[in-house]
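Worksheet: one structure, shown below.
The first chain written gets the first letter, and so on, giving A, B, C, D, E and F; residue counts start at 1 in each chain.
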Amino acid sequence: MNDKDRFAPSEQILSGETADVYFLHARRILEAEGSDADVTMEVFPARDGILCGMEEVRQLLKKVLSPGGEAWAIPEGKKIEKREVTLRISGSYRKFGIYETAILGILAQESGWASAARSCVEAAGGTPVIHFGARHVHPDIAARLEYAAVVGGCSGCATPAGATLAGIEPSGTIPHALILCIGDTVEAIEAFDRYIDPKVKRIALVDTFKDEAEESLRVARALGDRLWGVRLDTPAERGRVTPELVQEVRARLDQADFKHVRIVVSGGIDPDRIYLFQKQRAPVDAFGVGSAISSAAPIDFTADIKQIEGRPVAKRGRIPGVTPNPRLERII
Amino acid sequence: MNDKDRFAPSEQILSGETADVYFLHARRILEAEGSDADVTMEVFPARDGILCGMEEVRQLLKKVLSPGGEAWAIPEGKKIEKREVTLRISGSYRKFGIYETAILGILAQESGWASAARSCVEAAGGTPVIHFGARHVHPDIAARLEYAAVVGGCSGCATPAGATLAGIEPSGTIPHALILCIGDTVEAIEAFDRYIDPKVKRIALVDTFKDEAEESLRVARALGDRLWGVRLDTPAERGRVTPELVQEVRARLDQADFKHVRIVVSGGIDPDRIYLFQKQRAPVDAFGVGSAISSAAPIDFTADIKQIEGRPVAKRGRIPGVTPNPRLERII
Amino acid sequence: MNDKDRFAPSEQILSGETADVYFLHARRILEAEGSDADVTMEVFPARDGILCGMEEVRQLLKKVLSPGGEAWAIPEGKKIEKREVTLRISGSYRKFGIYETAILGILAQESGWASAARSCVEAAGGTPVIHFGARHVHPDIAARLEYAAVVGGCSGCATPAGATLAGIEPSGTIPHALILCIGDTVEAIEAFDRYIDPKVKRIALVDTFKDEAEESLRVARALGDRLWGVRLDTPAERGRVTPELVQEVRARLDQADFKHVRIVVSGGIDPDRIYLFQKQRAPVDAFGVGSAISSAAPIDFTADIKQIEGRPVAKRGRIPGVTPNPRLERII
Amino acid sequence: MNDKDRFAPSEQILSGETADVYFLHARRILEAEGSDADVTMEVFPARDGILCGMEEVRQLLKKVLSPGGEAWAIPEGKKIEKREVTLRISGSYRKFGIYETAILGILAQESGWASAARSCVEAAGGTPVIHFGARHVHPDIAARLEYAAVVGGCSGCATPAGATLAGIEPSGTIPHALILCIGDTVEAIEAFDRYIDPKVKRIALVDTFKDEAEESLRVARALGDRLWGVRLDTPAERGRVTPELVQEVRARLDQADFKHVRIVVSGGIDPDRIYLFQKQRAPVDAFGVGSAISSAAPIDFTADIKQIEGRPVAKRGRIPGVTPNPRLERII
Amino acid sequence: MNDKDRFAPSEQILSGETADVYFLHARRILEAEGSDADVTMEVFPARDGILCGMEEVRQLLKKVLSPGGEAWAIPEGKKIEKREVTLRISGSYRKFGIYETAILGILAQESGWASAARSCVEAAGGTPVIHFGARHVHPDIAARLEYAAVVGGCSGCATPAGATLAGIEPSGTIPHALILCIGDTVEAIEAFDRYIDPKVKRIALVDTFKDEAEESLRVARALGDRLWGVRLDTPAERGRVTPELVQEVRARLDQADFKHVRIVVSGGIDPDRIYLFQKQRAPVDAFGVGSAISSAAPIDFTADIKQIEGRPVAKRGRIPGVTPNPRLERII
Amino acid sequence: MNDKDRFAPSEQILSGETADVYFLHARRILEAEGSDADVTMEVFPARDGILCGMEEVRQLLKKVLSPGGEAWAIPEGKKIEKREVTLRISGSYRKFGIYETAILGILAQESGWASAARSCVEAAGGTPVIHFGARHVHPDIAARLEYAAVVGGCSGCATPAGATLAGIEPSGTIPHALILCIGDTVEAIEAFDRYIDPKVKRIALVDTFKDEAEESLRVARALGDRLWGVRLDTPAERGRVTPELVQEVRARLDQADFKHVRIVVSGGIDPDRIYLFQKQRAPVDAFGVGSAISSAAPIDFTADIKQIEGRPVAKRGRIPGVTPNPRLERII
């Protein structure tokens, strides 16, 4: 699948069915009036963040704006500032007007997620952050979420669909469910080791039945060098994962000569929590983050008409005319 | 389109591509082990809210669980409490295990939106609330958002796709863009009146070029009885819509004998803002709400295995065994 | 009118009618006892501020203390510190004792206003601040308020009486009332232009009937080069004047080639609000300030007897004897 | 002096010198234009309070509005509510327009003081409150302040001029200055007792040289039944007057059989402080209050033209037309 | 040992060595002066609380005050109010003056502890509270602490010396140290069961090596009906004991038919924490409390001389004379 | 009395009666099992502080651990950090295990007091701090409190028993009680001067009957050069001692040529209050501190077994094995 395919707009988007209906009314009126003005529209965000979704927007505009129209944008994955012009579209308003809802929506939601991912990644310093949050969004949008998390800086994500979009392999350990079905953590990781492609890392989830430190030693003894790491996912009812728990598990693994076993931490991890682990120098090898990214609010984007037939215009409250931004690159 | 079609799961969901990959590993291991235990799983939310997405979940489970499996759930649109069992699935874990990500995601995101919509609707007392927020989410998910807003109590939504899902007609006025293209608010509403199906309400947007009170009187004089209402959408740069503005526009319309013209208020409207209008008895006829609903965080849902082959189990931190909830209804 | 006249004490002050009655009792007792001690009294403020009223105090003391008495003071308009000795009076207590109430009152109220004015002026950087607050105080004291505002750093004030006291010309635009009486802003500024002395600046008030940006362009087109500026005074019901409104009006005036038209901002302006305009680099040419100055609390001043017949004394709680302050200058 | 004299407007007010200059411009323009419309103006406060200054306003209007004009008002001393119409003036705008600044200023400053006085009086329950704050305002306005304090509910005030305006006798004790000059508290009160009219209450100030309890007993022994009370005015440096100090002085006076000696408390007294004394049941016989009243911010009043030649009008942000208020009484 | 022995004052107290030395100086001076006045002294606390130590004070006074002196007091264990007279002593000041330090100290520290214990007991409703805090105070005072905890309402305490003073049996489980020495929790509780008097309750500490729920089931299986309960003492590093943990351990014990096994909770327990358990209806059978009681600040007590030879006196700041309190009972 | 005697453990400590009873059970079980393992235990504090009580612990361990055991510790009076190993004990657990309660208790309470004393001393800069707090603790522990205050940096303490423990002379002035008995402050200090050893400093307490400034001058005049200082102890009812009071008393003493008379301040003094005096440069010569030290909460200490027969061990939540700390010194 190439980039074009990955981000191609769906038929429903192209048909305008997902547009706010007043844009459809506006198109009908302009057609009836025979009006076909050349319009320049600018798009800007309501707060600082990481831009995500622009590639998808480019593909949509390419399909609907050509020939004759032009567009400039800040590239995917860059930092953008509050009220900075991020996208400028110039062309026949009748051609692109009905896509305002879709363009804003793509940028808003994906940039919201990418920005939240970036906050986690920055908090983590160099420690990798893996995104696990598909379970908090509708499956129709889960792959976009995972893509945005990777654009924001995550090293991995959990769903095959998301990983494909992001161009990487999906990451995963063992669910609590499998351990419950098999009835013992060691037996579960051994079954995993038997049947799953050796290229997949062996990471044991160690909080299902027994104390995490005890279970970590048990799985390490069972798999030896084949064990890549353990994942601590202690539930809130047991006090969540603490920096002290990571330090203790590390110490007990080291004292038993399992220095190669890495520690992955998950469960309610957000930037504040990551800072806490960093501040206390807890030896975490990777963070698994879910709702801190998937629950991020969209970054509202606004589209303003700034020029009609070369003449500066604006609605009340906005400055008429084009706002120069040297960061914009021609995309169409 | 019947209900079945509206909520049918996509091919990508059914294939497991949007599942966290460890569920796919788990299925492979259980198959390799020849294990096929009968498992009961319970799903509960992390906070209070309005349940949305359950009909979609039902259709997914119907497809994958039968024959032999069973499911019980709280019905779509009901209030649910923090940690209340909302869904119980019983059957072959190999059949339904990989859909945990999808099930949780559907419920989480749609319930998050429906709950936020309910907060607005409750704040508004009997005044209708229209959802306008498609522009803040990806167009692939916009219709689900609009459906959830209606489940939460909104009286209308803006996109054709969303309206179809919710079984209503889309609502809309005139965009600022059309007024800017035509160059005058009165001419724009007159054009609207000329070309758009008379069944569509004539609602003039009155903050584009002139003072809202002045423009309201101009459009009322132009359309007379055909004008259903005016929409105030004053931008933040001009102080947003205030209760006093609504009162003044109402007074000026009434003094000019346009008592039939309704007032719709939009722009940064959320429950606090609605309470302010209600408290000051501002004569609002409808509220247009966007990001207060579309930016709502998902309500995290958790799925726990509570019984295997009739035996109570649970991972550490959870109570083993089924938790009775008389509100559950058999759905499969 | 020379300085002497401007600040000459009234008959009511000189008679002691405005003194706290116990000072009158004290004078009567000392006279009856035949006591006429040489007393040194010191006056200090309860908080930091700008000293105002000292010239008036000097004229009062000159009249009542001579011959034989002496006084030292910090000069009008200087910064003073909490508890810093600001005025020292030495002489026959029977001569000056009854004026304690008047002296403290003059310094307290005028210094309170001057200090508040200074806060606005400092917030405004180099942008002029015009005082408009006479409407918040009794007309018998309005001129003193305006004088104090100018001592505090204001560039202008609005009443003829105040301007006379401060030695400047009064500043003013057009009241809303005139525009309402005439019925249109353009007609009102044209009438102003016809009848008022050409030396008076033409400043149009542009928020009475129409949107401020629209009205600014209308008055600029009507008066052309004769228009000195526009005043934005948007009421709270319409969101007050915001930095964004100033920027937009500036941009729209500039795009229509009215770069010479200045922008005056008023309505609820205080130091915090001024900082906001400065921080957002709103192109304000002058601030009109009212209650932020006129509502300022007086700065309490206290007078303590510190020496009697050369002997250090003090009431409980105060250090006996004169407190040296090199900033004091001999005024009598 | 009758009421008429007490509140007669000064020459400076009548001449318009204390008006904002733009009202003078407006009058000139209307005269030049030959315009003489019949205008109705309404005046309302920005916050709740006690109305003061209306009698003075009535005298001003009587002089300038008649014949032909009318006015309605809420009576002096009544509670008024935020935005309640307090005064309505109807007549030739050219006649009364220039007095807007004076009318608003009188009401604003006097109502601000009266409202603060009321807060103290309400906190004090039935205990009398005496106003002492002339020293915080300019002597030209001190009598108005004292009058407003009495309108707000104070039982006494300290300056002869203020007492005259309020129609009562001035209240006063002994200043610290007299005690310092005489050198002993007992000698000072004895001198007072010798020379001052026996109708004036003997109240000894007891914190100048010695401990308040010790000094209270000394003055009580010296004057016996002629002593009306003691005043505690302990400075902040000695911990101000506390409820415990009042209780102790009361107890020591009672144990020495001076039950007739009253206790007056002063020094930094405000409503919070009064509540503290009341809550701890300190046996205070009167409170002396200064800056809690004299430092009160004015209550901003606004004047709006609401009708011209019988036609409802208003500037943007206000409701056109007269606002009915049954509490208004015809005053002219 | 009878009451008299339990609370008899030590030789060091009687000798005055633990008195503030200025009391010793005072006694010497009064003796030298031949002064032997009859003095009444009153003792009151600085805040509300539970009175403890009065029995000990009674024994001290009995020894030093008789014959001729008298004393009245509120009884041991009663609630006392801030500034309420709690003890009144009357007699030769030379006899009892030097014991002021000792009397105040006994009451201050023991009442502080008893009051803190009462807060825990009240929070716990009917659930027993056991005191464990000897480890936070010097062993010379540990028994007094434990006595005070019992006076405050605790059902048990941990040291033999404290239990003796309180007239009960000491309570205890197993220390972590024993489990570490033996190497397994089950073996440790079995050893305890073998060697310790069967009258002592078998309570297993279950957080040393394994998960608490797992270990609880192991010890229950090992001891069966002989197991009285388990103690959860999860360290902060593992998230402390939570209400959810108690609920889960209870559920797992019940499901395994160990309904007779009680749950004792300890580790950082204080009133807030107890309220949390109560609010979430966690099935706790007893709370073990340490530093929430042992760290309690003393309640400052003050002793004032109020009468000398029948004449009311007091130092500045206090009311002279005896303060009646009907709650006082004659103790000597 | 030499060091050995000063800190020798009491019979009750040695017998184990003050130990938590489960340690006695543990010893019995280990004896019954014939187990006598060599154990290393480490002790650490829960927060930063000043270590106090270690000398006493050393004497206890010397008695019970030898021969064969070893111990290392941080020296008395040093700063210790949260969780820093402060004491390490190695030897037969049966020998030292039952003293865990006593060891922790000694360190906890004395270090709590010493740390609070240090806070006062640091706040005071070079100004001496005298401890007066024996009245807030039980007399059986008062001497330990005073010793700890001196270890924390206090220059003096008030009880003979405490001073002996700390190796200094007790400090004291005159109690209010003596002044009340004698009836006048000057007579009281004169009696003190007559009868008390001239080596004891003459410090007059000056707030009993009269104003502090007045009384200071009276006592200075009475004793002249023999007066070492005055103590200000103004009660809360009279506003406590303020920096301004100290400044005024200093000024009045200096003006009367009593520059040699020092000023001691007491009454509710704590570090915040001391900072206030220092910040305002109040000329205080010594601070008397009571409950700011005596009410200090103990610093919780924890003892963990970290090694058994040379093998690293730990309970859950702790890192197994010895934690190196180069600050430890061999004490046995």
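Please note the rule applied: a residue touches a chain if its C-beta (ideal position, glycine included) is under 8 Å from a C-beta of that chain, and two chains touch if they have at least 3 such contacts.
Predicted model, so just to flag it, every value in this text is computed and none were measured.
Repeated interface, listed pairs D-E, A-E or B-C, reference B-D: D-E, with more than half of the contact pairs matching by residue number. Comparing the residue numbers each copy contributes, chain A and chain E share more than half of them at their mutual interface.
Centroids built from CA atoms put chain F at 65 Å from chain B. Annotation: 58 Å between the Cα-based centres of chain B and chain E. Here the spacing of chain A and chain B, counted between their Cα centres, is 22 Å.
Our note on geometry: chain D versus chain F, Cα centroid distance of 57 Å, whole angstroms.
Among the residues of chain A, those touching two or more other chains are numbered 209-211, 234, 236-238, 244-245, 248, 314, 316-318. Across the assembly, chains come into contact as A-B, A-C, A-E, A-F, B-C, B-D, B-E, C-D, C-F, D-E, D-F, E-F. Residues of chain A touching chain C in their complex: 312, 314, 316-321. Only residues 211, 213, 244-245, 247-248, 251-252, 255 of chain F touch chain C when the two sit together in their complex.
The residues of chain D lying in touch with chain C in their complex are 9-10, 12-13, 16-26, 28-30, 32-33, 35, 37, 39, 41, 53, 93, 97, 100-102, 104-106, 108-110, 132, 134-144, 158-164, 170-182, 188, 191-192, 194-196, 200, 207-210, 234-238, 291, 294-295, 297-298, 300-301, 305, 308, 313-318.
If you check the complex, the residues on chain D that touch chain F are 209-211, 214, 234, 236-240, 242, 244-245, 248.
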